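Two complexes are shown next, each including chain A; its partner changes from chain B in the first to chain C in the second.
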Partner chain A sequence: MTETIRRVVTYTVYRVVALALTVVVGVYLAILIANMGGYVDQIRKAQIDEAVGASVLGDRSLQGLPPSELRRIIDQRKEIEYKRLGLDKPFIVRSFAYLWDALTLNLGRSEQLSSDSGSRQVRLILLERLPATLLLFGTANLLLFFFSLFAGLWLSRRYGGFLDRLVIALTPTSVAPAWFYGIFLILIFASLLKVLPFGGMVEAPPPKDTLQYALSVLKHMILPTLALWLSSIFISIYSRRTFFLIFASEDYVEMARAKGLPSGIIERRYILRPTLPTIITQFAFLLIGLWGGAIILETVFNWPGIGRLTFQAIGLYDTPVIVASTVIYAYLLALTVFLLDIVYALVDPRVKVGAEGGAL
Partner chain B sequence: MTALRTGLQQIRRYPSALVGLGIIVGLIVLAIAAVFIIPYEEAIRLWRGGEDVWQESPRYAQPAWVNLFSAKKLPETIVLSTLSPSVKKTRSDKTVTISLAFDYAYDDFPSELTLFFQAQYRELLPYARLSWRTPDGREISLGERKLSASDRYSISQDTRLERRLGNRPPEVGLFAAPTAPQVPLKGRYELQITGTLFEEHSDIDAKLVVYGKVYGLAGTDHKRRDLMVALLWGAPVALAFGFIVAIGTSLTTLIIAAIGAWYGRWVDALIQRITEVNIILPTLVILIIVGTFYSRNIWVMMLAITALSIFGAGIKVYRAIFLQIKESPYIEAARAYGASNLRLIVRYMTPRVIPVLVPGFVTLIPSLVFLEASLGVLGLGDPVLPTWGKVLNDASTNGALYKGYYYWVLSPSVLLMITALGFSLLGFALDRIFNPRLREL
Partner chain C sequence: MREKTEVQNRIKPGLARPLLRVEDLKLYFRTTQGIVQAVDTISFALGRTQALAVLGESGCGKTSLAKAILRLLPRNVQTYSGRVELDGVDVMSWSEERFRREVRWTKVSMVAQAAMNSLNPVLRVGEQIAEPLIVHRGMDKKSAWARAREVVQLVGVPADFLQRYAFELSGGMRQRAVIAMALVTNPDLVILDEPTSSLDVLTQANIMNVLKNIKREFEKSFVLITHDIATSSELADCVAIMYAGQLVEWGTSEQFYPKPLHPYSQKLMASVPRLREERALDFIPGRPPSLINPPRGCRFAERCPSKFFQCEQEPPMIEVQGGRLVKCWLYR
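Now for the complex of A and B:
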């Protein structure tokens, strides 16, 4: 018994350390990339130089001063601005400060973007966009997950039938991403039939009444949700169905059939149970995949979520926002992987913790 | 290797694989044809060219074949130039008379009217009087103007003329009959230019462009460019992008996984940790960062995508297979005769994974084709090359879907879809062939 506990503890510590290291290295890399190894500093300095130069030269009260004096004022203001943004210290020094801030989730202030309420706090900017992403991608992915799960189970019982062959035939269409289907859906339902909006999350001006507001959001959600759903429904059903079929051909399932157990029990106890770890994994990764949304789909549908925010942030060289989005994703991923290890041990008696390596 | 060969022979039993293969062969032929019909430099010149290259093609024109399916015939572009022999230009001592006459038999108004001049003179600018004659014999004065060496008169943008025509755009007002202003009057129109010259060697040349609403096989975009250039050239770009990146990542991943499995211990651990770090990094975000901050060059993008996908999920799959292979007797035999590590990895281990690799490789290509298009849609396509993604980007930034320019969105999308389907049909079939667990299902 003590042997088991010792093994569990060692294993847990090992996993936590390994995951923490992965997160630290991953986030540091993300910081380096988001700053292009310090190259973004030069872009920012050039922007400051230009803005300061323009503001000083355009300032009426400073007109008439000799050029050398103007030069001095420009340089002085530039220095202040550099110092304000920390650009006076070398990048490598700041990169570790950034890393520490990111890891402690001290997300700081953005450089250009602001939330709709006018705040520069990255935390608030992200929180403002999060509901939109969660609403759209949560709905679409949950629909997708449960629909494909049940459809896959249903098809695995009727494999070889017309619907089964239809799904197999349609599976290759899933190679196209959601935004691609989005374009077609916009073309058909918004442009030709004019029954659904082109994009956005709510009509302008937003309705005052809560019910009307909800209905308007719902109407705007239909096309992006459908696009997401269409882009992966066939491959999801196909892979579920194949997965269940593989498990359904195991000897113990044959044995259960031979014993004459009802098909409902066979499905629940002999097919779903052993596939549970995989299904849980997929579900967990689906949930963390919600973070970040989908950059292009949100851009195509003008959906005010995290994906479009990230795209805007990159366009404005707003590295704090990019890094914040990445670090949250990294934490979510590491946490999920860790929790999955534990959940595996709980749902799957075959997994013996710490015996032989681990997943991921 | 024999496994691969027998597997490939089975393709014949899968109609979807044959369809996919047919599409791929067709695309490759199209890509080669594109490179021969429009050589690289010419394609770049056409695609990057502005008004000077595309002076004679309309904006936002639909493909010409739409006329086949509709009773209402949309106009094609009519170009009349004094440099062509069919146009009458008579010159006496001090005057030049140019008659630009054409038959107009379409059911819709032109999209634009522009008159280009070229005048020769030393000091004194020639002078021209313009007059428009409709089929029903009305004569509308288009005013008088002094002509410089190279001059243009955008008739459609002449607001004074528009007011004179009863507040209708000139390209409508000049073609409409007073009794039925909704449709253009069919028949022979004539633009007469009477030029007065003040010098002996002075001369005037004129070109009238009546811009239509249909053009070529693919239509045109907001910059008057023939979309055919981009649609044709999109094929070789997409295919090259997909093939090169897919080969680069598959082979590198394979070899790295083999090395990790073979040497084990810290090498393997290092590769595993790199893979985990890489999974944390958001690929598309990094690609957008590279495109925005650094360079949109297609080679840079390909390198970035390859670098980010080498340590992907594939490495774990290959590693698991290699760990099994490593223990098999033939490897032990090879070791016994003294084969080097390199020989063992390259000649004995990697070929065994090829049946798993091939379907993965084929299904990787369409996702790369779409990735390239995605970057194009975000405005991060290669700044020089014409690609399908960039056409889609142009279309969406110019509101093609709002304004009803469906051809602009549909033609690149359909090509993208066909390409992707070709590879994924083949890839799924190969997966079923090489993956024995799937074969019966």
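Now for the complex of A and C:
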């Protein structure tokens, strides 16, 4: 027993260290790229040179001084400005300061965007947007995951039937991204039928009553959730079904059938259980993958989430916000993988670190 | 045709009430190349506490025969017909649900060919052995595990192995665990499909001894499917030879092993090495025919050293002295 605990702790620590390293490297690379490997410093220095030069030459109180004296003043002021912005230190040194700031979520101040409460703190802006994204994508993904899981299982029992062939035929519809379906859904349900809102997260004057507020959010969630669901449902069902068909021909499934177990037990214990790690991985990747699509979908539905924020930030060249959302993404990614590892160890006895598996 | 049916009706003479009786069993598969006649009109009977060895080359339909008896059909079945009787009751006509409840593992259990992979990798071995008791006998978990503990010790697996997972057992232990799983509900008949093929000789011998003891002590019937003639002689009371989806010879062990009748059986026996006997190992020229378009007439004719004009027509099962059956014109 203590052996097991020791093993689990070792495993967890090992994974945390590995993931932390991954995040550090990822964020550092993002900083290097966002600063064009230090070239951005050259641009900023040139901007300072020009501004200082213009201000000194345009200063009436300094007129009449000999050119060498002017030169000296310009250089002096440039140095002060470089020092103020930290440009006197080499980029490689400052890049680590940036890294530290990013990792500690000391995300600085935005250049253009502000939070609803009027703050320019990038961290506050992000924290304000994050719940909206998590609510929408969490809901949509859970619905998608469980629906396709059980539909796939159900369909694998009806191999070659009408519904099976129908799903296969509809699989190519998943080529279109969620926002594409979103546009049509808005057109039909908001514009033509006028039963659901065009976008946003809550009615224009938000209802005071908590229940009313929740209902309003729910109503606004229907179309974006449906768009996400429609864009992946058929391919998910199809891949689950194929996956279950493959695993249903394993020898131990055949054995379970020979044992005369009812099909419910066979499906739960002999098909679902052994395939759970793979299913969970697929789910995690789906989750991570949908983050990328969130930018356009949130923009189409005017959903006040991280994706829409990133879209706005890109449009306004608001670098701190762009870097900050990258950092948040890296953290979420690492967290997902970490949780995945723990779930793996829980559902699959074969996953053991440091244990010599195999025969006696 | 009529004559043939008559002979088949008398199959397994001397058995008033057989435990298992298979009659005109057919199992054909649909493939892209055509219809595979894996089990083609097979009839035999097996008495209580008897062991029947079904011998034949790889691909002759032995495993399909086992699966046909337990109605474990793949998705691409084209024909599945005939009679399977257990204790005189035709179970072929039963519904899938009744068959599952009353035949599988209650009357007939099976040790599948790939016993190495027959255990679920994410369930404890004990759980899988106790499972049929909970499902079929309605036992509670505790007493089912107690019974499982008894049975595994019977086949030489330490009781604490029940707590382990399949990947923590060696090949021999896994095979024993699967045999224990087949015995746990105390069925009348156990079908053993190549139970020792993937094991080393020592483990093979060990497991055959376990099976012999079980047969003697618990009065079980076995259908032993194998290509290993030497091992089969350890356990078998009677022998059936399969060739290209058909039964070509049937006889008791005392009759068969010293003097096989069918030219195919003779060739098969001649290919087994013997101790203290200087002779070159024999082999059968050619290949077994495809089960998709089996040749008309005798299916072995092409490779048969004693082929003659009559082999163009399919021979019936011919009864010879002592109730032996052979599907060959030579014994007409």
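The rule is simple: the second predicted complex is superposed on the first by the 243 of 360 C-alpha atoms of A that agree within 3 Å, B and C clash if a C-alpha of one lies under 4 Å from a C-alpha of the other, contacts with A are read in each partner's own complex, and residues count from 1 in each chain.
In the analysis below, contacts are C-beta pairs under 8 Å (C-beta built on N, C-alpha and C of every residue); 3 or more make two chains touch, one makes a residue touch a chain.
Just so we're clear, the structure is a prediction, and the values are computed from it rather than from any experiment.
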**Asked** Does the superposition put A:339 against chain B (first), chain C (second), both, or neither?
**Response** neither
- Tell me which partner A:258 touches in the superposition: chain B (first), chain C (second), both or neither. second
- Does chain B (first) or chain C (second) touch A:159, or do both, or does neither? both
Message: Let me test your reading of the model: by the given contact rule, A:250 touches which partner, first (chain B), second (chain C), both or neither?
response: second
Go through the superposed model and pick first if A:169 touches only chain B, second if only chain C, both, or neither. first
Name the contact category of A:30: first (chain B only), second (chain C only), both, or neither. first
Q. A:274 contacts which: chain B (first), chain C (second), both, neither?
A. second
Partner touching more residues of chain A, chain B vs chain C, is chain B
Shared chain A footprint, chain B vs chain C, residue numbers 159, 360
In the complex, the residues of chain A that touch chain B are 18, 21-23, 25-27, 29-30, 33-34, 36, 39-40, 43, 159, 169, 171-177, 179-180, 183-184, 186-187, 190-191, 198, 242, 245-246, 292, 295-296, 299-300, 310-311, 314-315, 317, 322, 325-326, 329-330, 333-334, 360
Touching chain A in the complex, chain C uses residues 70, 72, 75, 100-101, 103-106, 109-110, 112, 114, 117-123, 131-132, 135-136, 165, 167-171, 173, 178, 181
Per the touch rule above, chain B residues touching chain A in the complex are 16, 20, 273, 276-277, 279-282, 284-286, 288-289, 292-294, 363, 366-367, 370, 373-374, 377-378, 392, 396, 401-402, 404, 406, 409-410, 413, 416-417, 420-421, 423-425, 427-428, 437-438, 441
Per the touch rule, the chain A residues reaching chain C in their complex are 159-160, 250-252, 254-262, 265, 269-270, 273-274, 276, 347-350, 357-360
